[in-house]
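Shared between the two complexes below is subunit A, which has subunit B as its partner in the first and subunit C in the second.
== the complex of A and B ==
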C-alpha cells in the first residue's frame, strides 16, 4: 500500500491533488440538528436526476410514432391529445418507469454489495444473483410453462435463494469480502451450467421464450410491473439509507466498525438482504440486465470523488444508465429490435475488462 | 453430571435425597457467584474480565482467566506468540464473546450494553484496519465520531472541534487534507490513533500499535501513548511484543503464557530473569535501563545458552 513516490514527511505538504479536498464535511446545522452535506455529491445527484428525467422524456418520444419532447411533457401534465395520451401513459410511460426503477435498484444493490465485499468485483452480476434469478425463471418457463406472473415470481425466488445460499456458504465467523466474491463466482458458474441444462430440456417455444427473457429487456413492460417494484423501493430505499452510516464504518474493516459501535453482523445481514431483494426484484421485472449493478456504483464514485458507499449517486447513476442504454438501442436499431440487456452487456463487458486491468495494476487482483 | 448421580445411590428414596443434594449444590454455587459480584462491585476498576474462557470455535485459548485493568493505568499485556494476548484484548473490547465468564465495564456485562454506549466508553485500535480508497486524513479521523452521532446529529460543531483536537494531539493536523494512502506507515498509525481519540473514550485499547513500524516510529507511537495517559488521564491497555518497551512505558504489566496470567504488577516488580525464563523460555539478565532505570532484558549469549542446555542434558 505504501506509495514510494511520496516521501511521507509532514513538512512536504500535500500534492495539488491531495490538498484539493477540504477535510471536513460541510454540514447544515439548525439548533441541535446537523446534517452532513457533501456539495459535490449533491451536485452529482441533481445532475444525474436531470439527465435521467431528460432521457426518459426523449425515450417516451422515441418509437414507431415519434412524439416531440414538448408534446411528451404536455401529455404527462395532462394536456395532450387522446392518441398521444394512450401511447404515452399506457404504453411508453410504464416501460420508462420500469426502466428507471430497475436501474435504480440495480445501482443501489450493486453499491451495497460492492461496499460489503469491499471489492468492485463483488457486485450481483459477478456473484451469481442474476444467474440465480434466471434459473428461477427458467424453471417456471421450461418445467411448468408458467404465466408471466409466475415467471416473475420464479425469478424473485431464484434470486433470493441464491442470495441466501451465497451468504451461508461465505459465512465463517462473519462474511469477508474476498470469500464472498470467490463463493459468488463459484455459485454463478454452477447456475450458468444449470441454466444451460434447462434450455436444452426445453421445447422450441419455451426455449425461445427463455432466451428472450434471459437477454434482459424492457419491451412490453406495463403498469403491473411498475407497482410492485415501486412499493419495494419505497420500503427498502429509506431502510438502506438509514443504515448507510454504519455501512460507511464497515468499509474500514469489521474490527474498526465494531470498536465504533456498529452492530457489524446485523447491519451487514440486513443490508445484504435488502441488496438481494432489490436485485432479484429488478431482475424479475426486466430480466438479467447485465453490468448495470457493476458499473453504476463505480461511475458514480468517480464523479463524486468521495469515499464511502455513495448509495444515492449509485442509484441515480443506475437509473440514468439503463434509460440511456435503452434509448441508444432503440435509436440505433429501431424500436424494440435490440433488448437493453445487450447494450448494457456490451458496455459493461468493456468496463469489466478495464476494471480488471486497473485492479491488476493496483495489485488487488 | 446427572446420569452419574442417578447411577450412584440407587433406590427411590435415596434418589430423592440425591436430588435435594444437587439442589443444595446449585444454591451454594449461586452464593459463590453472588460473592464474586460483590467483590467485583467493591473494586473501583472500570474494566475487568472474570473467569473468562476464550475460544475460537473449538480451539480454547484461555480458561478461567481473570484480569483487572487498574483505572488510570497504562497497562501493557506481554507474552510469547499465541499466548492469548490479542484474544484477551478482543474479549475486553467485546469483539469476542467469552464462552464462559464475563467481561464487566462499569459494573455491567459488556455484551448486554448498547453497542454505541460501549463505543463511547471504550475505544479500540485493532491490528487490522482498512483505509477506504481516496479517503483524506480529516475524513478518516472524523469517522471516530460515529458513536456520538445519529441520523439527526450527523456533524455538529463539537464533532469538528474534537476532530481538530485529536489531530493536533497526535501531530497530524497539517496532514488533514492528505490522502491516507499517501502517508508513511508511522503517519498512518498516528492517523488511526487520532481516529480512536476522536471517539473520546476514557478507556483505550491498542492491539500491537507498534507492529510494522521502524524503531523511531515505534518510540514515537509509544511516547504518544504515554502522553495520552499522563496528560489526558486516559486508561490505556496495549498489547506489545517488545518486553523492553513494555517495561519502559507501562505502569502496570500483565504477563501471559498459555492463556494464564503468570505475573502482574509494576514492571520493576514483575520483570525479573526468572519471570522472563518462565514466560518466554529465554535465559537472560535483567539490568537497569540506563535512560529510565526501568528493567531492561538482555538475552543471554548463544554460547551461554547452549552450554547451559548441555549442562542440563549432562545432569539428566
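== the complex of A and C ==
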C-alpha cells in the first residue's frame, strides 16, 4: 500500500542489477490484495506444464498405430477421423491422463512427505507406502483373483492402513523426521516379506500379473481410473496448497512454527493424511511406480532454486517425469513390453545414488 | 570418612566380581548351546510328518533306511544349513554393528542381501548359471560391492545410523527395481527367483552345505578373532590407535568377514533380514558391550532364532510351510521399530 510502484515493479528488471535479480520473489500488489510471486518458480511451472503437455501429445501419437502430432491435436479438438478418434479418446487419452494425474499426485505426495520428515529421502517409496499398497493389491490378486476394480480398492486400503500404521508407530509426543523415516523403513521391510510370501503362494500366471503390477504400469488404463483420481486431486490439491504456508513454517522447526502460530501436530497430521491419500490413490491406479515421488520434488527444487516445499513445481515435475518415462519405455522396448516403473526405477536409482553423495558432501543427510 | 568410603565400596564391588561374572557368562554360553541343541532336535522332529524322539534318535544314530530315517536325513541337512546360516547372519550383524558403531546395522537393512540377490539373479538370467557353486561367487561379488558402496555413501567414518540405513535402503530399492525388471522379462527366472528372494531353508542339500562351509568357517574364525581390536575401536578412533589397534586393517578385515558370512548365507538360502539385527541386541542386554562375549553368544543364539523361525513357519500353515525369511521379517520388524522408538537410538 505504501509502495506507489504497483503492480510488480515492471521497470526494475531493465537495469543490470534488475536482470540479476529477475528471478527473485517479488510482491504483486493490486488494491488491497498482495501476493508474493516467485518469478523463477512460476517460469519453471509454466515450462514444465508445456513440457508435460507436449510429451502427452507425443505419447498419444506413439504406439502400434502411430499418429502424427498434428492429427492428435486435431482429434483432441474434435476434427479427427473416426478411426483416429477411437484410438485417441478411448485407448490412449485415458492412459495419458492417468499418467499425468498419477505423476502429479506422486510428486505432490513426495514433496509433502519430504518436507514433513525434513529429509530428501523420506519419500513414500522409502517409507513403505508403496509396499503397503502392493500388499493390499497382492492380497486381492493372489488370494481372491479379483478384478481390476477390486485390485484398485485393495491397493487403496493397503496404502491407507500402512500410512496410518506408520504414523501411529512413529508417534511419541509428536512425529519427528528421523523416527518417521526409520519406522517407515522397518515397516517396509516387513511388508516386503509379506509381498514375497504372497507371490510364492500364487501360480505362475498370477505371479507374473502381480510382478507387473508391483513394478507400476500404465498399460490398459481407461476412463474408470481417470475419474476417481481426478476427483480426489480436485479436492486434495487446493486443500494442500492452502496449508502450504504452515508447511513452510514447519520446515523451520516445531518450536519456531508453534511460535509463529501454526498448530503443529494438527497441520502435520492433515498434510500427512493428504499425502497418504494422494500416494495411495496414485498407486491404486498405476501400481507403485518407483522413485517419482522421491525424485520429482528434488528436481523441482533444483530448478526453482527456492527453499520451502515447492509443491506446485513438484506436482508438474512428477507429471512430466512419468509421461516422459512412459514414452521412453515404449520407444526403447516397444509398445507395452516393459512397464513404466522399470524406467523410473533404473533412472531413479542412479539419481538416488548421486543425491546421496551430493547431500552428504553438503552435510545435509 | 568421605575420603575413605569410595575405595572401600570399589573394592567390595570389583574384587569378587570378575571371576564370578565370567563364570556366569561361560555357564550362560553352555546353556545357550543346550537350547540350540534342543531347537535343532525340534527342527528335525517337527514338520509335515511329525517324528517321535525315538524315531529322531534312530534316524540320527542307527539309520537303517526306514521312512522315518529318510525324513530325518532330509531335515538334518536343512537343520545344519539353518545352524550355519543363522550363525553367519548373527555374527555378521554383530560385527557390522561394532564396525559402524551403529545399533541399527544389519546385513539386510544395509542392502548387502539385496546386492547378493541382484548378482544371483544376473547370474541365473544372463549367464545361465544354475548351480549353487556357480552363483555363490556372484553372491559374494554383489555382497562385497554393495557393502563397500553403502559404507562409502553412508559417510565411512562419520556414518550415522540414519545415513547408513538410508544409503542401504536406497540401494536396496534400486536393486529390487532391477530384480523386478528381470523377472518381468524372463518368466523362467521369475519361477525360480520368487522362491529364492524370500529366503528359505527348504532347498538345502548336503552339497549346498559342503559348498558354503569353507567360506563360513573362514568368516567365523576371522570375525571371532576381531573381537579384541573391535573392542578397542568402540572407544573411539584416537583411543583405539593409542591402544595399538590398526584401524584400517581392522575395518577392512571386518568388512571382509561380514561379507564372507553374509554372502555365503545369502547364496545358500536367499536374503534373510533382521536376524543379524535382533540377536546382537538381545545378547548385548545381558553380556554388556564386550565383543569377546557378544560374538560367541551371537554365534550360538542366532541359529536358535533362525531354526526356531523355520520350525514356526513349518507349524503354522501345515502341511505347507512359511519360508523362514518371512517369519524372521515379521518377527524382526516390531523389534526394529521398538529399537527406533527408544529415544537414545533415534537420536544417535
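FYI, the second predicted complex is superposed on the first by the 337 of 365 C-alpha atoms of A that agree within 3 Å, B and C clash if a C-alpha of one lies under 4 Å from a C-alpha of the other, contacts with A are read in each partner's own complex, and residues count from 1 in each chain.
The rule is short, and it goes like this: contacts are C-beta pairs under 8 Å (C-beta built on N, C-alpha and C of every residue); 3 or more make two chains touch, one makes a residue touch a chain.
Because the structure is predicted, anything quoted here is derived from the model rather than measured.
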* To do: Return first, second, both or neither, reflecting whether A:215 touches subunit B, subunit C, both chains, or no partner chain.
  => second
* To do: Give one of first, second, both or neither to describe whether A:183 is in contact with subunit B, with subunit C, with both, or with none.
  => second
* Asked: Which of the two partners, first being subunit B and second being subunit C, lies in contact with A:125: first, second, both, or neither?
  -> second
* Does subunit B (first) or subunit C (second) touch A:338, or do both, or does neither? -> second
* Now for A:349: first (subunit B), second (subunit C), both, or neither, which partner does it touch? -> second
* Structure fact -> Listed in rising order, the residues of subunit C that touch subunit A in the complex are 104, 108-109, 153, 155, 161-163, 165-167, 169-171, 173-178, 180-181, 183-185, 187, 190-191, 194-195, 197-198, 273-274, 322-323, 325-326, 329-330, 332-333, 336-337, 340-341, 346
* Structure fact -> Residue set of subunit A touching subunit C in the complex reads 119, 121, 125-126, 169, 172, 176, 178-179, 181-183, 185-190, 192-194, 196-197, 199-200, 204, 207-208, 211-212, 214-215, 290-291, 338-339, 341-342, 345-346, 348-350, 352-353, 356-357, 360, 365
* Structure fact -> Seen from subunit B, its contact residues with subunit A in the complex are 56-57, 93-95, 115-120, 123-140, 142-144, 146-147, 149, 151-157, 159-160, 163, 171-172, 174-179, 181-187, 195-196, 199
* **Residues on subunit A engaged by subunit B in the complex (per definition of touch)** => 1-3, 6, 8-10, 13-15, 18-25, 27, 29, 32-36, 118, 173, 242, 245, 248-249, 251-253, 255-256, 258-263, 305-308
